Every structure is written in structure tokens, then in C-alpha cells.
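See the structures that follow.
Below, subunit A partners subunit B and then partners subunit C, in two separate complexes.
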Partner chain A sequence: MSDTSTPAAAVNVRRYRLVRNVVAVWLTVMIVAAFLRDIPRLNILEHTARNLYFHVPMWFTMMTAVFVSAYHSFQFLRTGNPLRDIRALQAARVGFAFGLMGLITGIVWARFTWYAGAGIWWNFDPRQTMAAVQLLIYGAYFVLRTAVDEPRRRGRIAAVYNLFAAATVPFLLYIVPRQMHSLHPGAEGNPAFSETDLAPAMRPIFYAAVIGFIGLFWVLYTQRVRLAVLKKRLQGDPEF
Partner chain B sequence: MNWLYGAWAVFEKDLRLELRNRYAVNMLLMFVLSSLFLVAFGIGETAVSTRVQGALLWVVILFSAAVGLGRSFISEEERGTVLLLQLNTRPSMVYAGKLLFNFLLILGVNIVALGAFMLLLRVDVRAPGLLLSTLALGALGLSGATTLLAAIIARAANKGPLLPVLLFPLLVPLLLSVVSATQAALPMGNGWNEAGDELLTLFGFAGVVITVSVLLFDYVWND
Partner chain C sequence: MTIHLLYTPQEVEQARQQAAPYDSIWANTAQPEKPASALEQVMLAQDKIYVVLAVVLIIWLGLMVFLFRTDRKIDALERTVEACIPEERDEL
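The block that comes next holds the complex of A and B.
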């Protein structure tokens, strides 16, 4: 109990503080620039094109989180180190939040641009479907964790489910696009710019946003891992 | 012990136990029939599109699998036979035996469900061979995914309705493919021309799900 005041060995606190400060400044500058810098005006999109700086990086961040979570689940099965289980869970939680934000920004964006007259909120765009499925999987993952009491067994079962789900999701990449029309770049009749011809004026901020939000993911995730480890220590868990 | 012999022994044990009281078979059949009747009463005389027909049939089948197959590992825990199986067989044998049993169970239920569905909703079938292949490949993917998840929930403390929650998000790719393939086999569809890709996807899905299950099953089974 005496070492609760010292930083958790699981997390390098000096590095965490450094990255946190850098990310705070970076994101502030990036968000200000995202709203104030001039962008090319396109019909229908107009200023909503600025959502590109927020909506797309959310997806990149969620995919990063999914990989981090699956990697730590795999390592937990391999080594049985309880810290790996904590990392997998916290990456999934933060990834869930980013996925939800990505879904909401996408739904609102589509509703008030190309569905402005139609009043459609949900459409069966492939990426939207995949995101919704990934959120459902993480929802099930969190429910599964609450259904097992013994920590080791919980970690192992949750890791198995996480990896099992990670193996099935890529199928959506191949199946859904053949059945559903996409709103996203590259598809026919899509007024958005595609990833390959993203207007040069928008590129720097877009890349900065991707790096910034992935950095934000790292900060939130590391913070949550730290918190979880400290909680375990306070509870007197012998493994921490 | 020879691997095939071990897997077959697990399957034979499950089959014999099932034939003694026929709980799973009867429960699944009643579930499928009563839910299809509900669907039929709900729709009434209205004509529904083939897409909706396919979707209704498969949603009923997925729910029946989620309700019926959850028992396969819980019953081992309840009878206290887990330890005996762990001592006498390798995990992959248990998985293979259970998978075979679940596959045959779901396939049988699918065929009964299809018959009742054609009768109640007045569905004509244009390509029976295609529809049967879809049912078989769908049953393979479905039982592949459900068997591992059934082993997972048998380890959980609150077993209740956990299986559908875990199962349905994983089955989205399967559902999309089987519904399209079923639609292709019904009167307005294009038969085999349209469904080749779907069947290939179903085959791939079943392959991936079963392979990953075999790899992960050890971690669930050897607790």
C-alpha cells in the first residue's frame, strides 16, 4: 500500500506527461487551424468539408485502438501477464469512444449534406456498417467481462472473444461493399473528394489531425491504464 | 488416442445423450416453428419482397441457433463431466466433436425451418440446389461461430441470455451473404449466376471461423 504515491511501473510517467503536453498544444493549434484556415468551397459540402479534419481521424484512431487491443489480448493469452488484460480493455474502451464520435460525426455530416432534403439519418454505407458492428462487438466484449468474476478467467475469456471478433470483422470489408452503395470517396455519385485527390490546401491540417487524435488516444489510453493499475494496488491486488 | 477416433467419440457421446431425452432437438424445432408462426401471423396475407422473406427466415434461424446451441458446453459443466473430457481427450477433439454435432443439429433445424417457411409464407423456390447449399454453408459458419462462443459462456458466471449478445455482431457478414444467396434462389433472383460469390464468401467465413476457433479453443477449455 505504501507505494501508491509513486508512479505505476506499468507507465513511464515522465514520458506520459511529455506526450500529454505536446498533444494538448498540438490539438489546440490544429483545431484552431481547422476552423480558421481557408478551404476550397465545393457545392453541397461548403464549410462542412472541415468535418474531414475530425470525422476521418476518428476512424484512423479507432482502427489503431482495435489493433492495440487485439495485440494486447494476444499477448495476454501468450504470457498471462494481467497488465496485458488491462491494456486490452482500456484500448477497447477508448477506441469505443472514438468509434462513437466517428459514427456521430459521419451521420450528422451525411444528414445535412447529401441527405439534406431526404431526412435520412441512417444509411447502409459499408464503412458505417463496419463501424457499427465494431461498436456492437466491443459492447458485447464489455458485457462478457462483467459476466465472469474470477480475474484470470475473465481476462482469458475476454481475450479469446476479442481475437475471435477481430478475425471475423475483415470479412465485412469484402462483403458489404458488394451489397451496399458507398457515400465515401471513390464511389459513384459521391460529392466528396477522394482520399487520393484530397485538396492540397487541406492536406497539412488533415495529417496533423490524424497524428493529433492518435496522440490523444495514446494519452487517454495510458492515463486509463495508470488509473486501473493504481486501483488494483489500492485494492491490494498481489499481482500489481 | 487417434485424433479422429477421439473427435468421433465426443460426437457419439453427445448424439447418444441427445437421443435419450431429445431436449435440444425438440426445443429447437419448437422454437423455429413457433417463431415462424409468429412471423406468418404478423405478416398475414401481405405479399413481402424476396429480400424480406430471406431476411425473416435467417433471423429466425440465427435466433434459434443462439437459443439452442448455448447448451452444448453448459450441460458438461452441469453434469460435472468437464474434467473427464479434459483428462481423456485433447481440446481440438472436443471442439471437433461438438462442432459436428452442432452442425448436424442446425442443418436439420434449417431444413425443417425452410419447409415450414415455404408452406406458411407461400414461397416458391427457383433454384432448390442453391438454397440447400446456402443452408448447408450457412449452418457450417453458424455452428463454427456458435461452438466456440458456447464454450465461452459455459465459463461465465451469469450464463443467461449472453450467447445472442456475443454471437450476433460476429454474424453480420454471414447474415448478409446468406440473405443475398437465399434471395438469388427465390423466384425473382438470378439463381447460381448471382450467388457464386456469396457461397464462396460463406465458405471462407466458415473456414476462418473454424480455424480461429481451433486455435483459441485451448485457452477456453483448459481453465
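The block that comes next holds the complex of A and C.
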């Protein structure tokens, strides 16, 4: 178990560089393909269907990030290793950024498709509202952390909250929006994997985009873990 | 899946007429003499989506350069910290 290793070796730098380089090339190829590959041309959607390659992976990435974060929170409660607390916090932060980008890109996309001609940006569509609530729940996690000064106590309280926050994700992002009337695709089923919501021509690039953006999350998250460990060492934290 | 036609020919003609007043500035100027260069032929095709692709790629590659440079700074900082913090810390 890595919990016995020294936090100075928190990150395998060689593996980090390898993944980073693969992600950079992978996402570059994916962006080119996302623009150039033919897609079915539909009324209302037109070329905005290409947003599928960018908007939807934001949410897949955000969900991956919060479950990585919850895993490290669980491990922190189990072992008390402060590195676990750092990992939980940084994964949640990067995941939050992806969720925020998912929400904003969704607002822009909806403005010019669902609400074209109506001129509204936000209409409390259940899917969007639940996504916003989800981000607020994670916002509270960051605020909660600032409220406790003693590191171990802060780590414990934040970890318990984080586990509850992660438990709300499937409900707010999957279950509730499907029980309500939503304009968002997938209100009647599973949009990412169903036969009718995702044209076969678009599948390879979509899946490549999901993998690529999750890789990008891992790169940004690992970079932040390295910085956070450095900061602890410079502060003279005896545990680092 | 049903695939609908984006625009009917009537709609295309209507759009052209609606755009005409805005085109008047250009209607009186001389048309470019030069035939489209090879670069232009590529970039102006497909509703000019290649121009959007070029812009997005420039932004993406710029962000990647930023990410790589930040990594190099972290590498250097880690080396400095390792050199400065004495080894006896390990005995704590």
C-alpha cells in the first residue's frame, strides 16, 4: 500500500510525464476529428451537435473526479495519511472546474437550440438545475475546509462531508432529472449509450473525447498534488 | 433516425435577399482580382469551419505549452526544495 511510502514520492513523475504527453497528443487529434468528421445534419442542432464531443465529457470527467476524490476521502478516514486529504481536495477542485465548464457550455448550447427565438439563457430545466445544485454541494465542501484550522480535524470532517457529497451525485445527475420533464436528451433513458441519441458516426470521437478529458483531469490533478506537497514541505510540515 | 434537410432552396433564396442590404457596401467595391489561393480554397470550404478549427487548435496548443512550462517550473522547484531541506528531517 502506498500509504507507507514517504509523501515526497507522492507522485511518480515519470508516469506523470508519459500520461501528460499522451493526453496532449490524444486530445489534439480528437479536436481535429471533432471538427472535421462528418456528422448527421439535423434541424435546430445543425453543427452544434459537435458540442457533444466537448460538453458531455465535461460531466463524465466531473463524475470521475468526484469519485476519485471520495475514494481518497475514504482512505483518509481509514489510514489518516495527510496525503490522502490533499488528493481528495485537489481531485474535487479540478472536478469542480470541469463541472463548471460543463454547466456553462450547457447554458450556451441551450441558448441557441432549446431557447433559440425565446432569448432566454436559463429556464430551470431540471437537468441544469440539478447540475447547479451539485456544484453548490461541492462549493460547500471547499467552504467547510476553510472553517476548521486543525489539519487532522479538518481532514476528517471534510472527508465525511465529501462521502455524503459523492453519494448525492448519482441522484442529482442521473436519477432526478429523468423523473422530471426535461428538454435535455436522455430524459427517457440512457443518452450516452442508447441507440437513438448518439449517431454511430459520432461514437468513436465521443468515447475518445471522454477518455481524453478524463486523462486531462488526471494530469491537472496530479500537477496540483505535486504543488500541494511542495507547499507542505516548504511550510515545514513534519509529515511531509 | 430521420435526417432533415437543413434549408429548402426557397429558404436559401430568402436568406440571400435578406442579406442583400448588408452586402451593399461590398457590392460597389471591386471584387478581388486574384483567384483563391490554395490556402483560401481549403480554409473557406465547409462553411469556413476550418477557420474555427485553426482558432481552437491555437488556443489548445497554447494552453498545452503553458501546462508543460508549469511542469518544468515544478520540476525545478522540487529539486530546489530537495536540496535545501536537510536530510535529518527523515529521522523525525
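Here, the second predicted complex is superposed on the first by the 205 of 240 C-alpha atoms of A that agree within 3 Å, B and C clash if a C-alpha of one lies under 4 Å from a C-alpha of the other, contacts with A are read in each partner's own complex, and residues count from 1 in each chain.
Operating definition for what follows: a contact is a pair of C-beta atoms (placed from the backbone, for glycine too) under 8 Å apart; a residue touches a chain by one contact, two chains touch by 3 or more.
These figures come from a predicted structure and were not determined experimentally.
Once the two complexes are overlaid on the shared chain, A:Pro238 sits against subunit C while remaining clear of subunit B. Contact with neither subunit B nor subunit C is seen for A:Arg203 once the two complexes are overlaid on the shared chain. By the touch criterion defined above, A:Arg15 reaches neither subunit B nor subunit C. Looking at the shared chain after the overlay, A:Thr168 reaches subunit B, while subunit C stays out of its contact range. By the touch criterion stated above, A:Ile157 is placed in contact with subunit B alone, subunit C being left untouched. Once the two complexes are overlaid on the shared chain, A:Arg37 sits clear of subunit B and of subunit C alike.
Remark: subunit C residues 1, 3-4, 6, 47, 49-50, 52-53, 56-57, 60-61, 64, 67-68, 70-71, 74-75, 77-78, 81-82, 85, 89-90, 92 touch subunit A in the complex. If you check the complex, the residues on subunit A that touch subunit C are 6, 8, 13, 17, 20, 24, 27-28, 31-32, 35-36, 40-43, 46-47, 196, 199, 219-220, 223, 226-227, 230, 233-234, 238. Here subunit A touches subunit B in the complex through residues 77, 129, 133, 136-137, 139-140, 143-144, 147-149, 153, 156-157, 159-161, 163-165, 167-168, 171-172, 174-176, 178-179, going by the rule given at the top. Those residues of subunit B whose C-beta lies close enough to touch subunit A in the complex are 145, 148-149, 152-153, 155-159, 162, 165-166, 168-170, 172-173, 176-177, 180, 197, 201, 204-205, 208-209, 212-213, 216, 219-220, 223.
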